[in-house]
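Listed next: structures, encoded as structure tokens.
Next come two complexes built around chain A: one with chain B, the other with chain C.
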Partner chain A sequence: MKKIGLLISVFTLVLFSCNKEEEITCQSDFDKKAMLANYSNSLIIPRYETLEKNLTSLYTKINVFISSNSLSDFNALNASFDSTYLSWQGVSYFQFGPAETYVIKSVFNIFPVDTTKINNNISSGSYILGSASNTDAIGLPALDYLLHKGSSETLSFNYFTGTNSANKKQYLLDLVNQLSSTLSSVLNQWNTSYKSIFNNSDGTSQGSSLSNIVNALNLDFEKFIRDGKVGVPLGVRSLGTPLPEKSEAYFGGKSTELCKESILKLKSYFKGGSGQGLDDYLIQLDAKHGSQLLATKINNQFDLIISKINALSSPIAEEVIANQANVQDLYDEMQRMVVLLKVDLSSALSILITYQDNDGD
Partner chain B sequence: MLKRMIIAITASSIMMASCKKDEPVIECTETTTEVNLPATYNFDNVCYSGQTARLDMLAEMTAELKKANAGTQVDSALLMKMFSNTGSPFADAALNTSGKQLRSKTYSSVGANNVQYFEYLIKRQGDISQNAGNTWSSGNAGVATSGTKKYFFDENGVEYTQLIEKGLMGAVFYYNVAEVYTRAGKIGASVDNTTVTPGEGTDMEHHWDEAFGYFGAPIDYSTSNTTDARYHAKYAQKGDAAGLGTISNVMTQFIKGRYGISNKDYGMRDAAATDLREEYELVLATTAIHYLNSGKSNFSDDALRNHALSEAYAFIFSLAYNADKKISTADLNTVKGYFEVTAGPATVPSFLTVTVADINAAIDKLSTVYGLDSVKATL
Partner chain C sequence: MNSLNNILFTPKNYHTLVVFRVLFGVITLFSSLRFFAKGWIEELYLTPTFHFKYFGFSWVEIASPSITYLLFTLMIISSLFILFGLFYRVATISFFLLFTYFELIDLTNYLNHYYFVSLVALLMIFLPANINFSLDTRFGLVKMKQTVQAWTINSIKLQLAIVYIFAGIAKLNYEWLFQAQPLSIWLAPHTNLPIIGGLMDEKIVAYLFSFGGALFDLSVPFLLWNKSTRKMAYLLVVVFHILTSILFPIGVFPYVMILSTLIFFSSHFHASILKLFGHKSQVSEPEKDLAIKSKKTVEIMVVAFFIFQFLFPFRYLLYSGDLFWTEQGYRFSWRVMLMEKAGYASFKVFPYGDDRSITVQNSDFLTPQQEKMMSTQPDFIIQYAHFIGKHYQVNDLIKPIVNVDSYVSINGKGSQSYVKNDLDLMLIKNSLKPIDFLEDYN
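After this line comes the complex of A and B, so read on.
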């Protein structure tokens, strides 16, 4: 009898303590390590591997074009480049751990490029792509420039049949080699020692995986997405004067597609793909934005941003001149998202944003 | 005087009573440490006004050097006067009449960047800053900008302001702590530790206080109380933030040394002198790695990269000012070498051809030598 009484009261206690309105909820039930393992196994490593496949294919297509010199192989090369640039969008905010060691973002996607420097490198045929003096002459933006030297695909193709053709083609190969070898170093660490470090570091202090994830995605969203893809071309940092030449993929005109892919992939990352993600953790913590669940608010904001991107009818470089108001709308919604990510998300997860430069010098 | 002697005699009696005849003095030292060390650098007759004056002098020199960042040529003649405190060069009149100077306390021998090197840097900054109105590019001195930050670099991307400021911190502040005030010449058996000068203590106490003055810390410096920390003391916050306990580690040795001296516990004094040099050296090593990390994460931003690497380079070469430095001279030259090029017969710093791999090699070498592998990514 006594035992049943005890059982009933224990059962009641359990029920009572899992009531969502109680201050102490079941937040300790959320398996953070499982979420981290989902991030590394289903999102981070696979996305890097997709990028790696695309780079390998791109390298092959460059070599095919070099031997055939045919327009159709040049077109295939361009298509492969577009896929590669798209697959970079989904990994840009993994800038921690191995990505930070090899500063992969500075190798892959620094724009705008210094076109004079690229041309001089090609003329001389002698350069060290990894050197500090070439940081604006490499990466996907350099490929974007070289593959779109003309106003049409045929004219761009002609660039490679003119003078110095061997140097030009060699530069393409060297650029892709640099990307592949950097990515390979990063992936290798993820596939060996770093994954288990990442999966097991389930705290919230600086250097923990959650801190790395949140800080890196905030930095990327604020600086590279909101400002780099939209704000700077729009003129937000130049007293309102649009700077179209500073937009991503300026020469190939794919900035709108790349921006959209970046946001779609970021939303999926936030949701943990089809597994446990930050949004699930926020729901478990019952994090709120006003009366709404913060996870819902953030997901809705992603959708709103995508709808603003869909309202752009041409590359961002053209839109900032022709339809400035639409780009301003997009920027404004991205700015609202910065607040949600940098203030609401970080405090709900007890993560300190650490990337503001406080160098006292 | 009598009171002090009685305290001293009583203290030694206690020590004698608590030490077995054959036991080395050091054991008693450790027992005393656990019980009696003050929490802050709170002692009688502490004075280091001369050191504070030199810190202030370096601040005025740095302000003059930084005019280049605003596009103005720097006055190297004025800087040379500030360096030797001749001709009333300082805006702060008290410095002009202080009777102190930086130049005479700068490392002046061979084997490391010495006083002539700094004079050369000062003069060069004056010369090349006539280009301060230009925009920097590889091979062309000028100002590089990143957001609101502007830095003047020479044609190799090197910020001479950092080499001079952070370098003099090493060649004057750190050098005097590591090579002068924690050595026998200033705290050894031949130095008076009996005659108390009011406001200054004994000679030995005063010398140790001067070492403390060079560090730049307030007497109650701790992780939770960091206002007023200057220069190297301020940079101890880098290692502290990474969980190394850097601030406490250095402060404890300063306190221990002064306590040992004041209580005539020379075993404690000597242990503190050795440990202080090690802990202070770690401030330089952790700060160097911090700026190397910054140079790497800002690799594609000319202004931020070159600025960070300039700081890193100056903290790295500052490691030389300690005969007991943990890093070997060969390794130190290797690490510096990643950031240098030969120019005729000379070797000069240059960041034009530096790669991420170079920076990682420098970080890894420093981290291995100083045992910082667990924190090197977060410094």
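After this line comes the complex of A and C, so read on.
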């Protein structure tokens, strides 16, 4: 009994021995708050700002095109649209906090769009873009559709000179306006109140910043990147029948570039850009996958995915018909990544992959 | 046999048992109201389109939403009646049945402490916890008495002791003791805690918690039972459970244990609690109840109940596979917070039996919590496979094939392939036989 008592008191002593005076020795080697601050200051907010800048420029380009009605301005507008779509890729996995409040992902990038609905909206000229019925008639995919109506830039340009051209141009402006105002609400909330909430919420429970980052990343990677960009067009939900028209940026044919950008940006997000990121934290925690460091394993898997994207010679919509095996390879590597993110990463960080509160024991 | 006779039939003052009744009422009432308020009736019972069944209880079905709410309300009322000791027998029976019913609806929601509440509720039906300080006695529905037989209190104590001891035995495994897992993983992220936070990612702390936890579980029932160590033991109970409630998302469980273990204290202590509620009483040498009825029945029932309790957690020994990997015999064995297990399972269904397949999006059928539980437990995987097989079945003639690509990581060792690849899960049935459809665990 004495021994037990002794052990228990040693146990309790050690537990509570780290008091104020000894604070220095009690510092952890890894500053989680610094990592979170790096995420908000160097990655999340700057990426939103880039997107905002691109949207502003896109809006200007549309106005320039409207007043000049020239092919060269239409081409400049298209180039501006492409960079906007690319910059969206880097923010799509920030779906928590303000992004969730303003459902930014649904506003920006729900595809495929309902082209009939878009055409009806344009011909009637009366629509509320924010209404529930228009969720598949808005965002970057709607712009992708309108800016690529023809098989060449000239033919696409001609679309805006035909009937209803004023309505068509107005629709472009309204679409971009909706994107800008949603984004500015999100960015504004980040810059005013949410940043400090995010930076200071350094626990691991549901709703903590780390759990938000990891859960949003998992959800986005599995559902929107693996399935939305690759799996669905490949036919994983349709008995193996490819569905090219369901790919991202189907009309402009930029799906492969967008997919690559999304992975590149995700990799840099995982690494915390040039600062402290999830990979550093995993190293600090000594998280392993077999004998390899988990951080290394995940980074290598990102590279493998990128090499599989590089192996695609055309847009995903065309590849799923012409080189289905290549897209399948890409899908398989993404699937391996889902396992690493959802099982290994979450487990190592002790994050509950759950979007609901519950008891445990 | 004489000592068994003493343990069972020595007369005791009523105070301890009556206070336990009140506390049990308070705990279950609070826990049910909290469940209700958090919207879990909707989330855990009504939202899911598919429920995972307990083996042998696949006939338990979820009722319509209005009936479900009605039943839950009845359960809350039953707690309230237990608390006040009104229509006690009916209330305990109804609470036991309803609570157990709600647990049996979906295996996803299995928790050891729910099993504990079910077992105690079952015991409570047979315990005369309403013979004093109750509305039943005030209204003359039940004759007021001063003494109870010892088994009524001892069986609760033993039930509590079983929880701790088996939780302790379960911790005596290599990974827990010699790798400090899963605590190394679970504690490390808590560096944000005040004062002790900075220590939480130290390996030595994980070892201390691991050994401390095992030692605590194995010793605390004895320390509580022993009068000279009781106060210190209870202090440990409070510290231990509050610590776990800070560190882990374990809901009301710590408070269930903190309140329940008060039963180890003396009649004097419980009399003083009752005094706080204006119930004045004398703690005297309990009178010998000369005419104990049905002594033999009580003996057989109590002994049988606890023999079962002592044997059931050991049923895993009947299976050869790794317990953490197969989980055969894992549940109902007080394996509390014992491993970090995460998984991912992606199903492919071949509705036509040929090579055309659909990759199933689990979120179409399962809540996140269900998906999480499903991906790490073999019997869940089989149940779900059968469900989606039937869902995508084209007609009665063509048997769909279901494959799964699944990975599990235990205690942060990294994901490993789980269910053997390319098995048609439609051909596998859940049973109590050892399972052979998993890959070997490395």
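Throughout what follows, the second predicted complex is superposed on the first by the 326 of 361 C-alpha atoms of A that agree within 3 Å, B and C clash if a C-alpha of one lies under 4 Å from a C-alpha of the other, contacts with A are read in each partner's own complex, and residues count from 1 in each chain.
What we mean here is this: a contact is a pair of C-beta atoms (placed from the backbone, for glycine too) under 8 Å apart; a residue touches a chain by one contact, two chains touch by 3 or more.
Since the model is a prediction, treat every value here as computed from it, not as a measurement.
J.: Considering only the touch criterion stated at the top, classify A:135 as touching first (chain B), second (chain C), both, or neither.
T.: Touch partner of A:135: chain B, not chain C.
J.: Does chain B (first) or chain C (second) touch A:197, or do both, or does neither?
T.: neither
J.: Answer with first, second, both or neither: which of chain B and chain C does A:322 touch in the superposed model?
T.: It touches nothing on chain B or chain C.
J.: Tell me which partner A:231 touches in the superposition: chain B (first), chain C (second), both or neither.
T.: A:231 sits against chain C, while chain B stays out of touch.
J.: Output check: A:206 vs chain B and chain C. Expected answer is one of first, second, both, neither. What do you get?
T.: So A:206 meets both chain B and chain C here.
J.: May I ask you to decide whether A:101 touches chain B, chain C, both, or neither, giving the answer as first, second, both or neither?
T.: Touch partner of A:101: chain B, not chain C.
J.: In the overlay, answer first, second, both or neither for which of chain B and chain C A:173 touches.
T.: neither
J.: For chain A, which side has the bigger count of touched residues, chain B or chain C?
T.: Looking at chain B versus chain C, the one contacting more residues of chain A is C.
J.: Should A:155 be classified as contacting the first partner (chain B), the second (chain C), both, or neither?
T.: neither
J.: First (chain B), second (chain C), both or neither: which does A:79 touch?
T.: Neither chain B nor chain C is touched by A:79.
J.: Shared contact residues on chain A for chain B and chain C?
T.: The overlap between the chain B and chain C interfaces on chain A comprises residues 206, 359-361.
J.: Would you pull the chain A residues touching chain B in the complex into a rising list?
T.: 97, 100-103, 106-107, 110, 128, 130-133, 135-136, 206-207, 359-361
J.: Would you mind writing out the residues of chain C in touch with chain A in their complex?
T.: 38, 40, 43-44, 111-113, 185-186, 188-192, 195-201, 205, 208, 211-212, 215-216, 219, 223, 229, 232, 236, 239, 243, 248-253, 336-337, 340-344, 346, 351-352, 355-359, 361, 363, 367-369, 372, 405, 407-409, 412-415
J.: How about chain A: which of its residues touch chain C in the complex?
T.: Listed in rising order, the residues are 1, 4-5, 7-8, 11-12, 14-16, 18-20, 23, 25-30, 32-33, 202-206, 210, 223, 227, 231, 236-240, 284-285, 287-290, 294, 335, 338-340, 342-344, 346-350, 352-361.
J.: Would you tell me which residues of chain B are touching chain A in their complex?
T.: 138, 157, 162, 234, 241, 294, 296-297, 299-300, 302, 305-307, 311, 351-357, 360, 377-378
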